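In the two complexes that follow, subunit A is the common piece, with subunit B as its partner first and subunit C second.
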Partner chain A sequence: MGSGSLKISVHFGGGAEILFDNLKQHDLELPLDNGTWNLKRLIAWIRDNKMKSKQELFVKDDSVRPGILVLVNDTDWDLLGQTDYELCDGDQVHFISTLHGG
Partner chain B sequence: MCSTGGDDGETLLNPKPPLPEKGTLCRKCKTSKAQVILQIKDAYCKECLIALCNHKFRAILGKSRIFGNEQKSVLVAFSGSASSLALLKLLSDAVAAGPSHRRIMACPKIIYIDEGALLGMSAEERLTKCKEILEVTAGFGFPVYAVPLNVQDSSPVDITNYEIHGNTDDKLKSLFESVSDTTSKLDLLNRLRCNVLSSCAQQLKTSLVMLADNSTSVAVKILSGVSLGKGASISLETGFSDSRHSDVTFLRPLRDFTSKEATIFSIFSGCPKSVFVPSLLTMSKMDSSIQRLTETFIVNLQNEFPSTVSTVYRTGEKFCSTPSNQPCAFCLGPLDTVHKPCSALEATDFSRELSTGKKPESSCGSCDCKNKLRSTLVQTLCYSCRLIVCSVDNPELLPSTVLENAREAQSFSKMKSQIEEFLISEGE
Partner chain C sequence: MPVSCTTNCGRKAILRRPKTGTSLCKECFFDAFETEVHHTITSGKLFYPRQLVAIGASGGKDSTVLAYVMKFLNDKYDYKLNLMLLSIDEGITGYRDDSLNTVKENKNDYQLPLKILSYQNLYGWTMDRVVEEVGKKNNCTFCGVFRRQALERGAVMMGASCIATGHNADDIAETVLMNIMRGDVARLGRCCAAITSSDGALPRVKPLKFCYEKEIVMYAYFRKLKYFSTECVYAPNAYRGHARNFLKELERIRPSVIMDIIHSGENLVFQTGIKTPQQGTCSSCGHVSSQELCQACTLLLSLNEGKAKQGVSKKSHKIRST
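Let's turn to the complex of A and B:
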């Protein structure tokens, strides 16, 4: 049983925003329950709740599609355990596509 | 494998090593907590990453000796992407640096090519994009120009005065609509972009153009170039400098930066957020074109084997171009279509003859076309440009500069064959 919610801010950049109604910033309130909110769960949640189509352009298996950078509070997710990182209240998560740039 | 490294083959086959522990310190200053990790094991904090990128950028330009003691004008091709922003920021900081910090004596001008006509964007949408581009580039303090992608030469104008003229877009749209496949469309688009940039550089009295190609896009270009028959010009299309266009040299100072490095730099150094400009590749299916397929292949492989991009890139650096007497009328690269015995071209033509069962009727050799303009045009083109031109239904829609170059080349070789017997050949 949980009370309250986990408030985080998700930002999309580098073109990824076109998959999310062209909205770059999404402020989310995730329900606190018995499960832990890690990035793996967040990505699946985004795929199921924020994407009507073209999920394969954002998600691959349990993670993001190769070519999409993930930063949490200005830190590379590779330094935070990637999908195992557990979200904290107030976290700023950035998903940035680096595909067809230049 | 012919490399100086040693165990490069093994590195490619080893999968990703385990991620570093949380709280790892920056490998350079060893005091701050690392915020980004590059190339598997190099962890840096924000300040050290910025310093590293600045140092690398200035070293590449300094080593090339392109910028001396006098200010040189340089046109920066800006597409709105994070790499373009990184290039602008790096150049801007290098120009403003003190003499003891390897200042680069450059006078940058920014140019944005409006390709909205190709994607059916409305005039309003295209002007909105221009506004977004201006918002993002204004802070750097350099003049910003805009030019529409066009078949005829257009003049670059100050981006605040940019206007859309519907009739000039029609020729461009007809040209692209007459191209049968996306692969050729993308190749054609790249050629047109280069020609537009070269023409704008000349009009703005600049002899240098900087492109924001990073190592990932260079690796994709190398591999897809091989698939598209561009062997003769890969080194020019992906090297640090490209002087095919007379009077204008194209530079790729970011080619040593991975896409992650360039993107993270643009974020950490406080650049404005990138502007997303739709292109032919946007939302396209993975198998819609060779370029897209190659990009997916390389990026996916890079995820599992982090030395993929650097291996392709380093192998591509070993390519070189053999100059020819006449440049290709389209890409101005070397002509690789002389039928030497045992050449790859001879083998390709032979296979085509065997599999289709007919000898090529026109001298084109690439298709069974009867179009007279096309068959004379292809004589003046390199192999990969022939493939593009053969996929265009109506070659009269091609840029006038290409058709002019072809006419000149034709009359030159006609004249040469007329006076051949009077020329002293190299053997004598």
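Let's turn to the complex of A and C:
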């Protein structure tokens, strides 16, 4: 197989970006190893590598905190198997928080 | 494997609706969302032709979607409404300043007149100053009371005969839970209505009453509507947070819970003989009130006399027990 990494873009919206230095888009290169890169693993990776504090505002157990919507390539993760969805090269993952005033 | 739209239109589904469990493509989702709001409006008889409607607009997700959908439906179904945007500046640094810029953009995008009223001008107090005085535990009570009255005054100034707010299904379900947790029977009996009206005060309507928060965010996302999304800096201490967290956990397990709680709230039957507040007018400002002084005047008095910290807990008990 070609490159040794999985290239995806992660976008934070709806206020979630505040947890990530106000940066809305993060282009990531995830190392290809023997493990599967699914959303569950990505969320844990984001918590461990992109967050210095307030992890509980983004992650709960093995998933995102309730109230944070997840889209992959503009599709609701509820249609893709939620945390079991396996990432593909070039995927655009959106995390949109709904936890704020309207 | 891509999921197809449940309507069999042939397009790829982009979201699963928590309300119904169906999977819809973008176009069918827009149609379902807009048609449901239209149904809430018509079956609830929320408006009448040629009415001037003030849309409470904060620049946030709910009011942005509300303004967009109301304009859209007004045009599509010819409601013949005159729509206006009304915004309240509570004086919370870093929160309201930015969201008001979003409302100004909404005004331009939707070509609707806009009025902005500030707590500073109306009451002589910004929320920042109220919090300095009162602390962070009961300040939301002040803000809610002041805002309701500010919306009323602003709408009257604009010549509107009704106020539309962007309260969504999640908000209403949270309110039901909150009122149960606090034993507020009077509010519990009122909080599920799509129109709340009382003698002398403008009716307030909630066209998005049956819209799930998730769908409002998805609608805004796919329609590419711009909204301001930061939590009020004082919100983390709000009591509502408990109800909200609980509701979000429940929704994950069983998404219909939000509609089910609203259904329960709408069908509650109260025992006869419960004392409910009698409507009168405030002896100070003339606003609708069940006490001699309306809540806003009572709270203002306690702020101006420097007694606000004790004031809130005593008064709220008093209001509740009558």
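Everything that follows uses one rule, which is that the second predicted complex is superposed on the first by the 99 of 102 C-alpha atoms of A that agree within 3 Å, B and C clash if a C-alpha of one lies under 4 Å from a C-alpha of the other, contacts with A are read in each partner's own complex, and residues count from 1 in each chain.
The criterion applied here is as follows: contacts are C-beta pairs under 8 Å (C-beta built on N, C-alpha and C of every residue); 3 or more make two chains touch, one makes a residue touch a chain.
No experiment lies behind these values; they were computed from the predicted model shown.
Enquirer: Touching A:Lys24, do we find subunit B (first), subunit C (second), both, or neither?
Expert: It touches subunit B, and subunit C stays clear.
Enquirer: Touching A:Pro66, do we find subunit B (first), subunit C (second), both, or neither?
Expert: In the superposition, A:Pro66 contacts both subunit B and subunit C.
Enquirer: Could you tell me if A:Gln82 is touching subunit B, subunit C, both of them or neither one (first, second, both, neither)?
Expert: In the superposed model, A:Gln82 contacts subunit B only, not subunit C.
Enquirer: Mind working out whether A:Leu57 is in touch with subunit B, subunit C, both or neither, as first, second, both or neither?
Expert: A:Leu57 sits against subunit B, while subunit C stays out of touch.
Enquirer: Applying the document's definition of touch, where does A:Ile96 land relative to subunit B and subunit C: first, second, both, or neither?
Expert: After superposition on chain A, A:Ile96 lies in contact with both partners, subunit B and subunit C.
Enquirer: Return first, second, both or neither, reflecting whether A:Gly15 touches subunit B, subunit C, both chains, or no partner chain.
Expert: The answer is both, since A:Gly15 touches subunit B and subunit C.
Enquirer: What is the shared patch of subunit A, the residues that subunit B and subunit C both contact?
Expert: In subunit A, positions 13-15, 18, 66-67, 69, 71, 74-76, 78-79, 94, 96, 98-102 sit in both the subunit B and subunit C interfaces.
Enquirer: State the interface residues of subunit A toward subunit B in the complex, per the touch definition above.
Expert: So the residues of subunit A touching subunit B come out as 13-15, 17-18, 24, 54, 57, 66-67, 69, 71, 74-76, 78-82, 94, 96, 98-102.
Enquirer: With touch defined as at the start, can you tell me which subunit C residues reach subunit A in the complex?
Expert: Those in contact with subunit A are residues 2-3, 12-16, 23, 58, 60-63, 166-168, 171, 213-214, 216-218, 221-222, 229-232, 235, 244-245, 248-249, 251-252.
Enquirer: Mind listing the subunit B positions that touch subunit A in their complex?
Expert: 19-20, 22, 24, 34-37, 43, 46, 79, 81-84, 211-214, 216-217, 254, 259-260, 262-264, 267-268, 273-274, 276, 278-279, 281-283, 295, 299-300, 302-303
Enquirer: What residues of subunit A sit close enough to touch subunit C in their complex?
Expert: Touch residues, subunit A against subunit C: 13-15, 18, 66-67, 69, 71, 74-76, 78-79, 94, 96-102.
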